[in-house]
Every structure is written in structure tokens, then in C-alpha cells.
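The data blocks that follow each hold one structure.
Paired with subunit B in one complex and with subunit C in the other, subunit A is shared by the two complexes that follow.
Right after this comes the complex of A and B.
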């Protein structure tokens, strides 16, 4: 390794590198903290943090790990929420089937966007994904009003799980632990995906696409899979969100949802695994706290986000990892 | 932005050629606004490699600057010029103080900075002007319509089409005939080489950014009398400007012009025939173009 390292090399983690080990430990610490979270902050906020953290992790599969800028994640989340809610509302099926439908919903939209735009780079992908998500918003708003109830969200009856044992989801604490277990499993699956050779190929594409192509990898196929995985987990988050809200609401599909997940992810650190999780927790906690004092939430979040981009582009967790890396460097090289 | 339709009647509607021609004019006027907006976006992207997520925000600022200037001086034309100048200067200030720091980093950071600005500014505007929409009047000489036989020609919309043509012509001449235009075109191709020739590229970028923002502000200022001027009016326009440049090919002025005109016609006719689908049709058009010609109508190979 050359003496002159750039920040990218410091934050990109390698198999069994100190970064990967640190991330792995951070993941278990955060999941352990998740067990006691509803006793520290309010239960609905804790549930929301878990759901959006899963969403942000799924989003970061594309942005942080593959380097694809997506502004259409509201589409995946919303498709998941509506698919999950509609099978319950019209089909009367149980919660597990609803979550499967939500994953399918997110995946279908991801495949659609992937087919249209997988070969487009950078800004182009951002624009196309944003446009497709806006299309879904307007579709749900008026032409498909008959099925989605348009601006009145599609409301669900109180739900409960009967398999493997009875869980009453209208109880806030049971709902939290139900969501927590699913999110924790999804986080572990994502960790597994990213530690696989496929996961390393994703990082390779982010760092140097041409070199990975020269190594004989099928870039288009790998990128497409990354989009599909992202859609799958976002859809799952959408299904959980519909259960948590007791409704599939049109605001989920609004472009602001895509913007918020971008901000949460960047706040935590895009070039890390657990960054989006941390970013989401901080973001939602702050939003909850600040909105008690002011109506001007958007102004503050906009200004703070601009400051973040200018001063700490690696985010909270990314900056911490960078600092640790700087301290380690003399002995590591 | 839904196209205003004069024919939103209940029941059966007869499609006479007057109605069709009328709708073409409506579409042209709407297309003119898209063209102004998207050409600004395209110039900024071509020159600075920055996807301006705050483009609709500057469009909104253009409309508000127009409102403020008109309520101060009372003249439409003075207001128009003042709006464009003021908003361009705001744009230049943003570029010189904040955006400039992020050149040379990953493409995503300037994009996200613009996105943050697009959340920040509408809230400031809400604080100053309130949530209730402001009304900008048509200039007295462009009110009403002229009649040619059975055909109604709304003056203001005709003016928009003429304005767009003049602006495009001026832009073309500026880019082809003036030395600064030539430098901008050269810097779009190869910024390093232009820098090596001893030209202060950083200043060229500021000028290019101002030009793009000025076009967005002009679009907002001339759209103000036709639409409701509210703090969030720009959000949808950002997305629609994206659609126009995806259709036309990013970084191509001709593409932005053709894409804007196509989109104007699509919105105009779909809102006549199937109003529910007017917003969706924009994105379906984009998807169709992407399937048929992935790099956009005038997109260059390798510039994706």
C-alpha cells in the first residue's frame, strides 16, 4: 500500500479488515441497544426508527456500497406499503403474507427502474429513478384512486400474528418487538450479502467500475442485482411501515421520502455499513425534539444538511471510523 | 404543472380543429416554460457536472422576485428584468460561497448540497411571504385574447412562445458568436485544457451557473401570472425539468428545447382527453423515450 492514502481507501472496508471487525461489533452493540430502546424513548418513535433504519440500510446498498445515486426510493417503500396493505385490505390475508407481498411490491418496482436505467450513470440514474417514483405517486393519487383511496390513505383493521405464536400488533410494545426482530434479521441478511464475493464486487464497482469490468465481472448484472436487493428490503420496510401506521398513506410515495432517506444515510455515513442505522436514529430523534420547539423544521434540516455536506461529508459514523483509522495508521503501515 | 384547459366541460366534447389548435397553443406555452427551465438545468450540468436539485427552487424564487418587484414598482417589464437579475445574483452567491468548495469531489456531494438548498429556501420563503399564494397580474397589453375567425389566441401565451424563441436564439448566438460563449462551450468539453490556456475557469463556471439560474428565474417569472405562486411551486418543476432533459439528452440545448416542446404538447393533450392521467403522462413519455432511445433524443454517446 502506498504511503499516500486517500479517504476512500481508509473508509472502504476489506474482508476481515479492522473496519469490518469494528462494523461487525457495532452492529451487535446497536442491535443489543435496540432491545432496550422502547424503554428509553417513546415506543412509536422507537418503532419508526427501526423501520426507517432498515429502509436506510437498504437504500445504502445502492448509494454507499455500489455507488448508484437513487432518488426513487419513495417508490420502493411506497410500493411495499401499498402491496402489503392491499393484500390485507382486499384479500384479507395475514401479516406474514402481507410482508411477502410488500417485498414483492418493492422488488417489482426495483426491476422496473433497473430495466429502464441500470446502464445510466450518476446524475442520469438519479433523475430517472426520481421520475419513476413520482409517476407512482401520481398513479396512486388519481388514476388508481379506486384501489388506493388517493389522498385518504388505505386504512387497515387492527392486526395480529398467530404463527408461530399469538402477537397482538395493536399493542405498542409487542409491535415494537415484532418489528425489531424482523429488522434485526434483515440487517443480518444484508451483512451476509455484503460480506460475500458479490458484496465485494459491489464495492469494487463503486471504487473503480472499469477495473471490475476488466476483471471479467458482468457490471450490468451486478448493479441490477444490487438495485433488486435494495428494492426487496425497502419493500419489506414499506410493509412494516404500513402495519405500524395502520394504513398505506400517499405521503410515503411523495418524493420527500426519497430525500429524507438520502439525508439519514448521509448523516450516518454512506461508506459504512451501520452508518445509515445511526443516521436514521439521530435524524428521527432530532426531528421529534426540534418539532416541539419550531414549525420551521424544514429550514433547520436544510441548513444542517448543507453544513453536513460541506464539513463532514463522511457522516457521523464515517467520521468516527476515519478518526480511528488516522490513529491506527502509523502502526498499520 | 397541469396545463390550464378552457374546455373542462361535463359530458361529451366535440373535437373540432379549433379546439385542437387551441390545445397546441396551450401546449406550446407550457412547453416554452419547460424549455427555459430545462435549458438552464442542461447548461449547469454540461458545464459544472452538477445536477441542480434546487432548480425548481430558483424557478419559485423567480416568481416571488417578480411578485415583489411588481408590487414595488408596478411595471411588469421592470419586474421581469429585476426578478431575473436578483435571482441570478442569489445563484452566483450560492455558487461562489458554497458550491465551489465541492468541485472535484464525488458527483453526489454537489447534488446533495443543491438538494439541501431546495429544502432550506422554500421554508424561508414561507416565513417571509406566508403560505397563501400570491397573485401576479398579466401585463395590461397582454391581457385577453385576439380572435382569428373562430380561433381564440390568448395573447400572453403567444407572448411566451415568442419569448422562448427569442431567448433560444439569443442563447444560440451567445454560445456560438461571443468569446465567453466559446469559452463556456470549450470548458464543457474539457475544463482542464481551458484552464491550461490561461483562462480563469472558475469565473467561467460562475457565469455559467448564473446563466442557468437566470433561465430558471425567467421561467418562474413568466409562469407566475398563469400559475399560483406558492412556496412549493418549484418542487414538481424540478422533477419535470429532469424529465425534459432525460428526454432531450443531458447537456444538449437542442435536446432541452425539443424535449420541452414535446412534453408541453403531451401534457396539454392528455389533460384535455384524460385529465386524471396528465401528471402520469409526463413520466410515461420519459419511460417510452428511454426504451426507444436510452441516451435521449440528442444525447451524445459517452456522456451518460
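Right after this comes the complex of A and C.
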């Protein structure tokens, strides 16, 4: 520290808002709940929730934290799934290498979309990302059929992990905990990224893009990096999905995947960190429960989605936080 | 000379919003730009801030031609502006509003270190909040502040970029007369205490006359006069086109 210029003491700072502290605790509570989840609901459903929750969090890096709308996230997830599956199928590599390849796959597509569209705003970015994701879908479906097996999906042999110790991934419970540990680590890394100067700059862009530019930030590069991180974590989710499904399936790349992740994220609350996690859990649980009774689950899930959004305009977790804020205000000020 | 414009012009189609304006700015001075609505004040201001690039002419900052430099490049060089319409980060805390702006001088892409672990930046933020009188509001969400407080926060955000020149676009817009007096004193105080060079845009003459070292009058995009406040008040041409109508 340099010598004090004046005798007047500068007021002490307390930078962490109650929202940030609450979110931090909520993250640990949810991760702790994840430890017991496969004993509450079925193991495959629990695994699916973890994978899609990671995907939704990655998606929300762009939508909720940076304010970039993407309708092409199926592209990142699918690129991750196919990259992860293909290195196993053709290269015979292990699960860890497969996950690295999946992250690389998601990142490559993110770099591509970023280079093409980072300067486009709002609906224009959304449309370009959708177009590229659809392009990947059709490429995987037909011209690249020799490598992707098209509609038949690229099936993987039973997998196991040998490092640091043996895990048999064909056992449902082992698979769940394998996925859970990776997702939990990825969640913690994302929290850390969002707590960094870079993460704070993202929030600045979301809040007021013109102002943050006038402060001297390079918006284009920051947005680009946000897209790349989103692609990286989406790719990781895709790699886990391929392992969980035992195949890289063409439906992952279908545009509906991009739509569902929007619903899951909005349902939980875009302006929160763990909202997408909660939204995904609620969405997939409802879908699973309803599809036991009817094949037309889309209609019922759609109706429930609308009801929930009317009840929770800021998303489930977002609205809960808002209510807590309203209760605090009279006493706080 | 800290800042100079040489024959700077900005045309929007056939409209000459700013036409052949020569302007100089010395270090540490407080200079105001006045003129009726539509005189080209804000356009001229944005030629300096970098939002617009001049159609003709040059903007020279510290001896270097910055006419083509973008707004964030100029901000990094030390030219920072505030907005006529309050422009803050509404859902972030008051502290974070200023800290984020200070961060632009330190780190943009570090994705691992904690943003609040830079103690120099935190201290700087609190110094600025003390300067603009918002230190005790640091934990509030910016959107909850009163209009006047938001205007101060706006100045705080600009100060955090450690500007060499601070461009203030109608900082008292929307304030009550009492708030306006307080705000003009604050601006003079910042200029004195921080040795800050300030360019102030106003359409309300009474705001600028008391605090400015010099005043430039714009009229229909052209420079009408540039002098001390006393001489400007006495200037007949100025009185005719501008002051006269006010009375």
C-alpha cells in the first residue's frame, strides 16, 4: 500500500450482497441434496437431472449472466456428445479422454459461432446460433452418416473408469456418482468464474452494455469468452450424456434440445446462479412423472410450465429470492 | 494542451450538427459547453468521447490523433463520459457499480481470482463513494437509489476509470433546484480536489457560470464564443442568440 494521502479514514467495504451469500449457500445445499438424490428418485432420472442441470447452467452463463440469447445450444451439447462418443468408438480411448474431447467439441463449435456472430445482438445472434446448430444436425444426419451412423446413433460399448480407481459405469449407482462428482466440480468452477473479474464484467454487460463499453471494457472479447466457456461446459454435459445414454444420438442435436434448455433455465430463474439447476430438476421430474400416465406429456408439461411461470415470474428460485428481498427491505434500511 | 479539436465536423446527411469547431482544453480546468437545444453540444461531446467519429477534422488528445479511436479505446486513454440519461448498472450494488468501473483499469479476463480480492480496487471504490457521498449506501441495489443519488453514482462510475478528462453531459438533468446547487458544488469540488480536467455540457446557464473556468457557446453547430464566464455574459452576440431569449 502506498502512503496514506489524507488522515480521513475510508469507510470499510462489505462487497458481498445477501443475494450472493444466499446463492452460495443454496449451491452447497443443492449439491448436498445431490448426494442422496438417487435414493429419492430413480437413478437414471437423477443422472439425467445432473447432466441437464450442468447444461442449463452452461446455457445460463450466456442468457442470464451475459444477456446473450442462444437458440443453438443443442449444437454445443451434440458436438460434445459426438466428439466424446467418436473418440471412444473409433479411437478406443478411455472415459477421461472422451470427456476432454467432448469439452473440445463444444468449445470448437462455440468458437465458430462466436467468430461468426459475437457482434450480433438479440434475435440476430439467436437465429445465427440456431442456424448453425441445425446445420450440425443435418450434417450428422446425412452427409457424415459414415461416421455418425445418422439416425441409428453411435452406440458405445459398456464403459468403465480405471483411474484413479475402478468404477463400473454400467452400474447405475456408480454412474450416477461419477456424473455427480464431475457436475459438482463443474458447478464449483462456474461459480468461481462468475465470482472473478471476468464474471463480474459479464454481469456488467447484462446490466448495461453501453455503459460497460464506455468504462473501457472490450465487450466483443468478453462476450466471445463467455460463449466459449458456455460451449466448453455444454460440451462436457454432452460427453456425460453420451456416456449415460450409451450412445451419441441424433436427437441430442435436434432443435428441441435448444428449446428445452431455455424452458428449464427460465423456469428456475435466469438472474440467479442455481436457478437453472432447480428448473431442470423440476422440469425433468414433471416430465418423467407425467409421461408415466400419458404419451402426450408435452402438452401437460407445457401447461404446467405456463402455470409455474405465472406463479413465479422471475423463475422459481428467482422469485423466492425476490420475496426474501422484499421481506428484508423494511428492516434493512 | 491536453485536448484539442481542429476544425472538427459531424454531418448527419445534410444536417451539419457540428461544423468547424476548434476547441482547446488545458489540464486541470473546468470548461463548460453551453448552447440552446439542438446547438450541437451533445454531438460535439460525443466526438470527444468517441461515440461518433468526425466527418472532417481531428480530435487530438495528449498530442496524439484519436479521431478514429473507439469509445473504449479512448476510455482506456483517459477520456471518460457520463450520460445525460442516467446510465448505471441497475441490479448491482452501489459498491459493485463503481468497483466494476474501476476494474476496467485492472483486469477484464481473469476468470479465476476473486473479483473482491483486489484490495487496492476495493479501497479506491470506497474513496470514490466517499467523494460522491454514497459511502453509506454501498450495499444498496442501484435501482433503489433516488434520482439525485443515481446522478452521483453516475459520476462515481466515471471517476472510477481514473479519467484524465471527465466529460459530464448535463449532470444536473432532472434535479430539483436545491439538488442542482449541491451537484454543481460537488463538480467544482472534484475539479479542485482531484485536479481533474472536466468538460461540462449544460443548457442551463446559471449552473455553469458560477463554477466554470471557461465557457464555450455553440449555436447551430458553430462555435460562437469561447471565454471566461464574465466575458461570455458580456458578449453581445451571445446575448442576442442565447442569453437574450432567456430573459
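Convention: the second predicted complex is superposed on the first by the 308 of 333 C-alpha atoms of A that agree within 3 Å, B and C clash if a C-alpha of one lies under 4 Å from a C-alpha of the other, contacts with A are read in each partner's own complex, and residues count from 1 in each chain.
FYI, a contact is a pair of C-beta atoms (placed from the backbone, for glycine too) under 8 Å apart; a residue touches a chain by one contact, two chains touch by 3 or more.
What you are looking at is a predicted structure, and each value in this text was computed from that prediction instead of being measured.
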TODO: Give one of first, second, both or neither to describe whether A:316 is in contact with subunit B, with subunit C, with both, or with none.
DONE: neither
TODO: Please work out whether A:298 is in contact with subunit B alone, subunit C alone, both, or neither, and reply first, second, both or neither.
DONE: first
TODO: Considering only touches as defined above, state whether A:132 meets subunit B (first), subunit C (second), both or neither.
DONE: first
Open item on the list: Taking the superposition on A as described, I'd like to know which of subunit B and subunit C A:120 touches: first, second, both or neither.
Closed with: first
- [ ] With the two complexes superposed on chain A, say which partner A:74 touches: subunit B (first), subunit C (second), both, or neither.
- [x] neither
Task: Which of subunit B and subunit C A:219 touches, first, second, both or neither - done: second
- [ ] Check whether A:266 is in contact with subunit B, with subunit C, with both or with neither, and answer first, second, both or neither.
- [x] first
Open item on the list: Is A:193 touching anything from subunit B or subunit C once the two structures are fitted on A? First, second, both or neither.
Closed with: second
Open item on the list: So subunit A touches subunit B in one structure and subunit C in the other; where do those two contact lists coincide?
Closed with: none
Open item on the list: Looking at the complex, which residues from subunit A come into contact with subunit C?
Closed with: 1, 8, 10-17, 192-193, 195-201, 203-204, 207-208, 210-219, 221-222, 225, 229, 271, 333
Open item on the list: Can you tell me which positions in subunit B touch subunit A when the two form their complex?
Closed with: 45, 51, 98, 101-102, 105, 107-109, 111-113, 115-124, 127, 235-236, 239, 242-243, 245-246, 250, 276-277, 279-280, 282-284, 286-287, 290-291, 294, 304
Open item on the list: Show me the residue ranges of subunit A that touch subunit B in the complex, using the header's touch definition.
Closed with: 63, 69, 116-117, 119-124, 126-128, 130-132, 134-135, 138-139, 141-143, 145, 255, 259, 262, 266, 296, 298-299, 301-303, 305-306, 309-310, 313
Task: Touch list for subunit C against partner subunit A, complex - done: 49, 71-72, 75-76, 80-81, 83, 87-93, 95-96, 99-101, 103-116, 118, 120, 122-123, 125-127, 129-130, 135-136, 138-141, 157, 160-161
